[in-house]
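One chain, chain A, appears in both complexes that follow, with chain B as partner in the first and chain C in the second.
Coming up: the complex of A and B.
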């Protein structure tokens, strides 16, 4: 197991290299001159040129990328070109809000999606199944910025139960978590349903029934546990997605997360900020994938045996 | 089953309708309407959708909230913290690294200047300088000796000299302080500012929000955060990019002590969320509420709407020195000017709620000529003018703008109007960064943009920025010898009548030259707590919150 974890961590290094290269390259292709943004509109051509020289923007791409990677290896992720703040601490300043939203939304999603998914699968082709399908369809198709606004109007503006935005304690987490969680809920519920349907048709379930195991035992002990792998995969992937920043939800709720930081950086052609943040996000996604793989091992002994080889 | 589904769908609809319903039933007080969010700067605004207008009804709306009387104040309980909802993030604490309105809001509270302007009358008042004497060659200042930076260090002559040296090097401030040659220390409380050229607006420029004094020690130690340490009535206690800025009252401030203990500036980029915050009482001030939401703010029992005719002028600039031969022809530009139906633009883009611009500067700028007339809509004359040029058969051109509803509508109407006289226009929406790069490289053909000067700053900054050859904000890429000389002459002219005549001549010339086509003047809105006092809305958006307060 430890060898597996170590191997995966080592594999992270070339992945991060690749991500840095791709992001740096894409940012280089983005229209807009960072020197214009930094210098302002009243700047003379000489002042803009001086900024280009100072930041090394006149150097060829490979030189700039090489310099960036060299500094990265020294632990220096650079400074935002516009705000002049260090990228590394700025990212970690945003991370708690993103983590809170990621956990909040995944909790909302898991608490509702698993019972609904199981219920839907065990009551296939009944009104319960139809109702769950409708909930799933609604969750998948509702734009989250719209849902967010509706929740704000209903629960903040009309009822006054929750604040309309900002990251300020548990109360402020409820509405954004529901907004982001509803989409995940639908996704995980659909996966739970199809995964459960696959499992409950298998022979060992019939055997369990024949041996007189009660319905609850069959569903939760025999079927659900074996249906968990795809559910964990989807939940893990989406947790990583929310952690990296759902820009729309963060914007609607004035949520100070990673997503808006990166989005603002992109709109301002702030290559240092965007590249640094995406490398860190990529690292977290890789770690989450690793955690998901480890959870597989606890859920399925066959996978654990494979890791141990 | 069917009944169940029908009930479910009905419940969903009721939820949606209830949520969409808002509070429109309350009315708006009749006056409020059209403001759209925008990213504004002191001077130019890169807004995709600038603040809206109300067709001149703003006079009926509140623009100034008086202070409470001493007896009222004695009986009132003040909120310790005033919360401001910003539509844009405060991207830097460095005064010399931005011209953004958000930064101006901060700097007006955190930094001191040599002189400052009364936010209501624009009269010059002492700030760090207690006294001054102006000559044609220099300005002598007496500097107060009791001013302290937020880190406790005294403000010294060396800090002042250092600050101006940095300003002269910095792209955001260098053009403003270009009239200064150097600053000489006379003694510990006196400086002599030697002028490179005389400028009648010199003192007003020194009161500009980012012509402020920073600590040399802190600035050298940390450019990003160190320059955020000023000597104003509030200090920055917390700053989180993309989230909030907390300002706390600075007890060692040399001037009048403000009543509010702290200000929290929250970044709320989503318009509706920002409006709901002010309606709920979560915030006390809502910057740039969108037009359709103003009614909701007015109808809330916790909030009200303030409005004023803004300084912002929306214009179309035509690059007359680019590669486009037709646009270099003055008659072609005049044809374009006569082909544009600006009233239609105001109706379509601003719902009829903006004021038709009559000249190339804002009504709040000194030496604005109210009798100047912009080129009137006359498509027949436009066709005739075009037929007298080498481009009688028409040509193609591109109009660029920062993507957003208002400017897109203007561009589309511009396209339709010009099609009527045989000119094919390509509409070119751009993102903020690409647009700025395009303009900086002077590769544009025509652009839609805006200009919003600070009232009281004097006309020189506006004329120099917009029309002087080589200026970064000169979007028509004009470089005319007479214009340049007249701007210089007007800047140093001491005779009021002669100075007015020069600026009037410049306005007339610009309209005739038709490279800078004024469209309309905006109206600026703000949502505020009903218990806010001692605050006036500033037409340039560079509001001063320092001495406002909210009663419980």
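Coming up: the complex of A and C.
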């Protein structure tokens, strides 16, 4: 098990290299000139040229990439071309808000999706199931920026229960978490339903029934644990997604998260900032995936056995 | 000349005597048969009296009584009549073999006893199933859970899928024990270890998961789970079908040993007549959801009555004549969603007459222990080819 974790962490290194290369390359292809943005529309060509020279933008791609990687190895992620602030602290300044939103939305989603999904599966083809299906379809098809705005209108403007934006304590977390969580809720609920339906038709469920296990024991003890794997997969993937920045939700709620930071960087062709942030985000995604894989091992002994091989 | 005359006289006398003896024997035989029939009826009558009406506390004679059971699967496409008026009685310690081809209603019958027929689409339409004199049809779900795994346990066909992959085998055995006996977790684990040893698996392997066991070992674990609470009735649903032949023998040995040790009654569901011959006391041949022939092992194997049973025996390879071709039963089992009015076997039967297709044949007892459902026996001289050979 420990060897598996170590192996996965070591494998992370080439992955991050790859990410750095791809992101740096794509940013290079992106139209737009940081010098124009920094110097402003009115600057003379000479001023722009000076800025380019200062930032080293005139060097060939391979030189710039080499320099970036060299600095990265020394632990220096560089500075934002625009704000001149170091990328590393900038990212970690935005991270708490993103983490809060990621946890908030996953909690909202899991609290409701699992009971509803299980209920839906155990009452297949009844009105309960139909109702859950409708909730699921609504949740998945509703654009979340629209839902966010509706929530702000209802609970912030009209009722005044929650703030309409910004990250300031638990209260400010609720509306964005719901906005981001509803889609997740629908997704995990549908996954839970199909996974449970699959499991309760297995032979070992009949065995458990024949042992005299009651309905609750069948559903939660025998079936649910077997149904967990696909649920964990979906939940983990979406946790990573929210962590890396759901730009729309962050924009609607003026949420100071990673998503908007990266979005701003991309629109201003701030290669240093974007590459740095994406490398860090990628690292977090990989770690989350690793955590998901470790959770698998605790849920299913067959997977654990594979890890030790 | 005189010598010849004397000889003829002697011959005549001898013939007369022989005739007398024969008549007497025939009369005696008829009397015995009559008496036997009477006894059989008496036995039947006693059995028909519900256990509660017999002298109160005495344990019921039968561990299982299935009476006129009808089970249907109501699917969107068709109404599948899986079990159609099945009757079966099982004494304590007795093993009955339930033999029939795929789709005959064997497993449905077994699941009905535990009330585990998948619902929907399965519905137990009518009939009664009494376990130890208690009608399981009338019990609450909670009372049913008490019976499952405790009074009646089941061994399933495919050990590969019958165990929960996320729990250790020890946990899975201990679960049954904890559900049905008042004991601590440690005591249950201890007992689970004992059960593993009973089926020939080292105690220490209780901490392992099903995927770490081979098929035969898994089936032993399934047997250990089934026997953990010392059930009165064990239903084995094709317990060896998924196993290879050498492992089959081992598993059957274990089952037979444990059955004797715990005096468990058993229903052995199979389509393998060899297994029946090895393990069973009596045999029920099931066709289209009804028992078409029932009797002791000797009754059914030596004095086969039903054409279907004969067909099953003919489908077996003949060890004495290795060049003989198998004689499979022609045709397919009738569609259980569209059963004929008459005998469901009529279309495949070698002895079929018009009478067969008119009405469902009724149970006809030929001895205390042996009955057949076949219209052909309306003719008292009717005999199967197989019976003629067996003499």
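One rule holds in what follows: the second predicted complex is superposed on the first by the 309 of 309 C-alpha atoms of A that agree within 3 Å, B and C clash if a C-alpha of one lies under 4 Å from a C-alpha of the other, contacts with A are read in each partner's own complex, and residues count from 1 in each chain.
The working rule: contacts are C-beta pairs under 8 Å (C-beta built on N, C-alpha and C of every residue); 3 or more make two chains touch, one makes a residue touch a chain.
Computed from a predicted structure; not experimentally measured.
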item: First, second, both or neither for A:252, with chain B first and chain C second; value: first
item: First, second, both or neither for A:166, with chain B first and chain C second; value: first
item: First, second, both or neither for A:107, with chain B first and chain C second; value: neither
item: Partner chain in contact with A:152 - chain B first, chain C second, else both or neither; value: first
item: First (chain B), second (chain C), both or neither touched by A:207; value: second
item: Most chain A residues touched (candidates chain B, chain C); value: B
item: Partner chain in contact with A:39 - chain B first, chain C second, else both or neither; value: first
item: Touching partner for A:94 - first (chain B), second (chain C), both, neither; value: first
item: Contact residues common to both interfaces of chain A (with chain B and with chain C); value: none
item: Parts of chain A lying in touch with chain C, wherever the complex brings them together; value: 202-204, 206-215, 222, 225-226, 299-302, 305
item: For the chain B and chain A complex, residues of the former touching the latter; value: 1, 4-5, 8, 12, 15-16, 18-20, 22, 41, 43-44, 46, 89, 91-92, 94, 97-99, 171-172, 174-175, 223-224, 240-244, 266-270, 272-274, 276-277, 279-280, 282, 431-434, 436-437, 439-441, 465, 470-473
item: Touch list for chain C against partner chain A, complex; value: 114, 116, 141-142, 145-150, 153-154, 156, 158, 161-166, 168, 175-176, 179-180, 209, 211-212, 222, 225
item: Residues on chain A engaged by chain B in the complex (per definition of touch); value: 30-33, 36-44, 47-48, 51, 79-80, 82-85, 90, 93-94, 97, 127, 130-131, 134, 138, 149-150, 152-154, 156-158, 160, 163-167, 251-254, 256, 260-261, 264, 267-269
